[in-house]
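Multiple structures follow.
Same chain, two partners: chain A is paired with chain B first, then with chain C.
Up next, the complex of A and B:
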């Protein structure tokens, strides 16, 4: 951190919030609000004179509330810049100045009660998101008596207590009597791996953190006894199994089972923990001086009004962590080009993994800037202004803001920023006049695939549109998992389900497709942020039109299948194979007859387009 | 504003009530079969669907 602070090419903006980011890869503009510090950081020598005279004491957040700090304070010893900050919420007041003692004693005269902060506009080429994590709050469910018993603490609090720079200078004391605890218990998976309390995923670091903490205890206090209550220990990293073995060899007892009850002895303030040891099948009672809850991790999305997801238009998985462009091939890239991830904002991870990912993200960002040019995959959209009616639909639906807005009054057509275009094809599918074409996955290519599939034996085929990232990959997963599904499925791959134009669906029905399936990513997994919502709206529109025309809507099916859902892919295909038998040749012939009288996209005649955009 | 509307599953024909907000597009899943082919039930189909009369009857 010190190195970063001193680096001539790194500008650090602390106590600041990114409010808005516009632009695209290589040409982002970030609006950053620097909050007032009330201390001129460049002049402050961190002499501590101001804090000594400050009459206000509040709990110190850095020390997890185990000690206090003043209203003017150094956030933590290694803070960069090494300068004090005034916490105006707790200061006695600056308008009018109610106390002002800090300003009186500051020799450098760096207290500035009039600091208003500032708003900066910064041009940047690429962005690394590293907003980190927060820990599960055990107060919400009063986990293991956390809100009632002072000697039940979290692993974060324990970390401060055992740290040499902590409130007790590294001497482990228990909160109620400042006595060194001799019997210490740890409860694993607090707020993790639970469908009902906290989060369903494994927080990744808690097991090894507990192993480390038991080793620290035995290093400092040979007579201490430690017990870990766990479901299973996940010691999967390099050298981790060795650490776990050392912890056991040092005398830490690992009890397989999570406590069912925690009570406090009102006299001694000791904790009585009841647990079913699932290895022996026996109920055990443990008398402990202190109980440490290994709390899980959650993504942290910033402190400002908007979350980082909203500011950067990022998609996230169902657990709230940001979604990478590809889990294997682009694990540190956001779907939006020029944005990268580092650390726990992407998934819970330890220091080593965070550093690895941060190095990768820095290298990816540097690569991009060093090249000076951006190589674009030839899957982007193209716009033919001759047919454009400036309806604004393309700009509205583009998930990565790659299409500039049109202006009818100024006869200004929309334009596609190719460097920003991710190639999802939603604009091309939504454009009512077919003004937008795709460089690949073009209308002609997709329509030709539809025709080829339905050229022979059409009644035995399920025409399936599958998006590249999720449902197509789900089909791959089904295949590699050796899951059986009927051969009637015929896949047409698109980058995003948002590319599936109404006219592809109608063309298929016109050619006698008995059953069409549109499949894509779950809403939370969409690699093009919210493009999948346009897929759903479009399919709903086609259903409604089918109904009006007297075509059974059930012949158009919709399914969200993730890359990991090979089983779902196979199940859906088996179900649809059954469904296929419900469609009779007469029904298909009738559909063809109905559609003969309709324009390529029923309901979208030239007059309808004009009416819709008027 | 969300209101309760009737939905029909185009996979298993199950019909059920769920919250609906015209302004918000949400992922829908049939509570009976788990399919995502869930359609807002229209008040009146304009025409009787052609051909097939062999569909399963509504369950819900």
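Up next, the complex of A and C:
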């Protein structure tokens, strides 16, 4: 922390929030709001004179409310910057009649009641998102009597009680009588691994944090007895098993089973914990002086204000943490280039893993900054303004904000920011006038593949569009796993299923394709944030059109297959192979006749679209 | 490029037994010769190895190839390899196309060698047709602003900021709270070393 404060290359903006980010990889612009501190941090010497005269005392957040602080305060002794802050919500005010005592005694005259904060704009090439997580709040469900019994505390509160810089100067005391507890229990998985309370996933850190805390207790108080109630102890990291063994060797009892009931003895304020020991199958009662809840970690949620995730257009996995570009190959990259993740914003992790990931994220960012320039694979979109009707569709569907908005009144065409374009092709597929073409995945190239595949023996083939990142890779996974499936599938790779223009599908049916499959990523995996939602909408549109034309919609299939789902890929191919046999040559001939009579996609020229929409 | 005569080279890889164990690669190679604009067909044991790549470079020079189709594995592994290979021979890297007859064919259909060979031919036909429509592309590059924004001043943000700054780059470290440190600063000791958090 101190190194950051001293580093000449780091400008630390505390009390500040990112309000807006524009631009693209290598060329972002961030708007940062510094909220008022009411103390000029650069001038403050942290002499404490102001706090000494401040008449207001409020619970100290840093000490988990176990002690108080003043309305003007230093967050904690080692704070960086080492400067006081005025908590305006609790301050009595600057008028001499109200108070203003701090300003009177400040020798440096660095208290500024009129501080309005400021707004800064900074150009940056890369962004590291390290916004962390929040700790589970056991009050919501009154976990284990937390809101009723004062001697039930959280693991975070325990940290303050055992800390030399804490409210009890490191002497572990229990809240009700400030006596050192002799019998201390720990409950694991509070708010984690539960379908009904908190979150369903494992919060990663709580087992080892509890092991650590039992060791700390035994270090301070050799005569203390410690009991841990758990489901599984997950001591998977380097050196973890050793610590766990040390904890057991110290005499900590590990009871497999979470308490069913916690009661307080009204006289002694001791806690009586009832638990089924699932190792012995027996019901046990434990009388404890203090019970510590090992609370889990949760992703941040917005509280009305736009979150960093929303500002940066970051997607989330089903657990609410940010989605990486690839879980194995690009685990610290956001799908949007130039943005990287570090720490618990990506998933719950301990200090070591946070540091490791932060170094990885920095390395990825350094890679970009060090190169001084960013090269973009030539698979981007191109726009030919001649055909453009400025309808705004491309700007709307672009998942990475790479297309600037058009303005019909001012005759301003949309334009593609090539460095920001991720190459998904959704704009090209959605553009009603074919104004947008994709480099390296052009209409002509894809249609040529459709024609080649259906040139011979078409009745035995399942024409499949597969996105590069998930479904095509799922096919690769089936291959490396040697999963066998019938040889009827013929893949056409596109970067994203969002590229699959409906005209590709109609062209396939017109050429006699018995069965067409569009396959892409699961919604939570989409490499292009939400491009896959356009795939779904488009396929639904084609289905309804097929219905109207009298073509069986079942001949167009839609499947989401991830890169890891080789098994699913093989299963889908087996199922579709069965389906293939149910399509008759007569049905296919009929489809060809229908489509020859009535082209389902209107002409894509500017005039044709104008006529169709008139 | 539009009016240029197309000259396609097809390079069929055995991949040891990985492909040739299931697919009759000689048959696929012979089939490839009959495809439109194909002027050279070469079979290799391992196309990705140096001798295989040299065959491609040699054929590009000898037959003035302007399109290359590599019939081998998934482009997700070796597309960069073969793009570099053709670029070294003076061909635009975007004029190279791959037909994936390993992950998508030989490995998943080894119980039906005949059908696998027939499918492989189809995949080559499709790849050649796509190759015939390929256009040279230039990768664009853009300048990068030499500064980084780190959002969040907890342990991860601190570490990332230090790494970037030590690397000589300007860092803006933005923290919502009045001090950096985040959740870590609220801890007493940290495992596995049991030392102080701050």
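The rule is short, and it goes like this: the second predicted complex is superposed on the first by the 530 of 614 C-alpha atoms of A that agree within 3 Å, B and C clash if a C-alpha of one lies under 4 Å from a C-alpha of the other, contacts with A are read in each partner's own complex, and residues count from 1 in each chain.
Assume a residue touches a chain if its C-beta (ideal position, glycine included) is under 8 Å from a C-beta of that chain, and two chains touch if they have at least 3 such contacts.
In this text the structure is predicted, and so the values were computed from the model without any measurement.
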{"item": "In the superposition, chain B vs chain C on chain A residues touched", "value": "C"}
{"item": "Partner chain(s) touched by A:579 [first = chain B, second = chain C, both, neither]", "value": "first"}
{"item": "Partner chain(s) touched by A:397 [first = chain B, second = chain C, both, neither]", "value": "neither"}
{"item": "Partner chain in contact with A:439 - chain B first, chain C second, else both or neither", "value": "second"}
{"item": "Touching partner for A:587 - first (chain B), second (chain C), both, neither", "value": "first"}
{"item": "Which superposed partner A:427 touches (first chain B, second chain C, both, neither)", "value": "neither"}
{"item": "First, second, both or neither for A:37, with chain B first and chain C second", "value": "second"}
{"item": "Shared chain A contacts, counted only where both chain B and chain C touch the same residue", "value": "none"}
{"item": "Touching residues on chain A, where the partner in the complex is chain C", "value": "1, 3-5, 7, 9-18, 21, 25-28, 30, 32, 37, 62, 64, 75-76, 78-81, 83, 85, 122-133, 135, 156, 159-160, 162-164, 166, 208-209, 211-212, 215-216, 237-240, 242-243, 308, 340, 342-345, 350-352, 354-355, 357-359, 361-363, 365-366, 368-378, 418-419, 439-440, 442, 444-446, 448-449, 451-453, 455-456, 461, 468, 472-473, 475-476, 478-480, 482-485, 487, 489-493, 570"}
{"item": "Residue ranges of chain B in contact with chain A within the complex", "value": "10-11, 25-27, 33, 35-40, 42, 45-52, 54-55"}
{"item": "Chain B-facing residues of chain A, complex", "value": "522-524, 533, 536-537, 540, 543-544, 547-554, 556-560, 572, 575, 579, 582-584, 586-591, 594"}
{"item": "Contact set on chain C toward chain A in their complex", "value": "74-76, 94, 100, 102-105, 107-112, 115-116, 118-119, 122-123, 125-126, 128-130, 132-135, 137-192, 194, 197-198"}
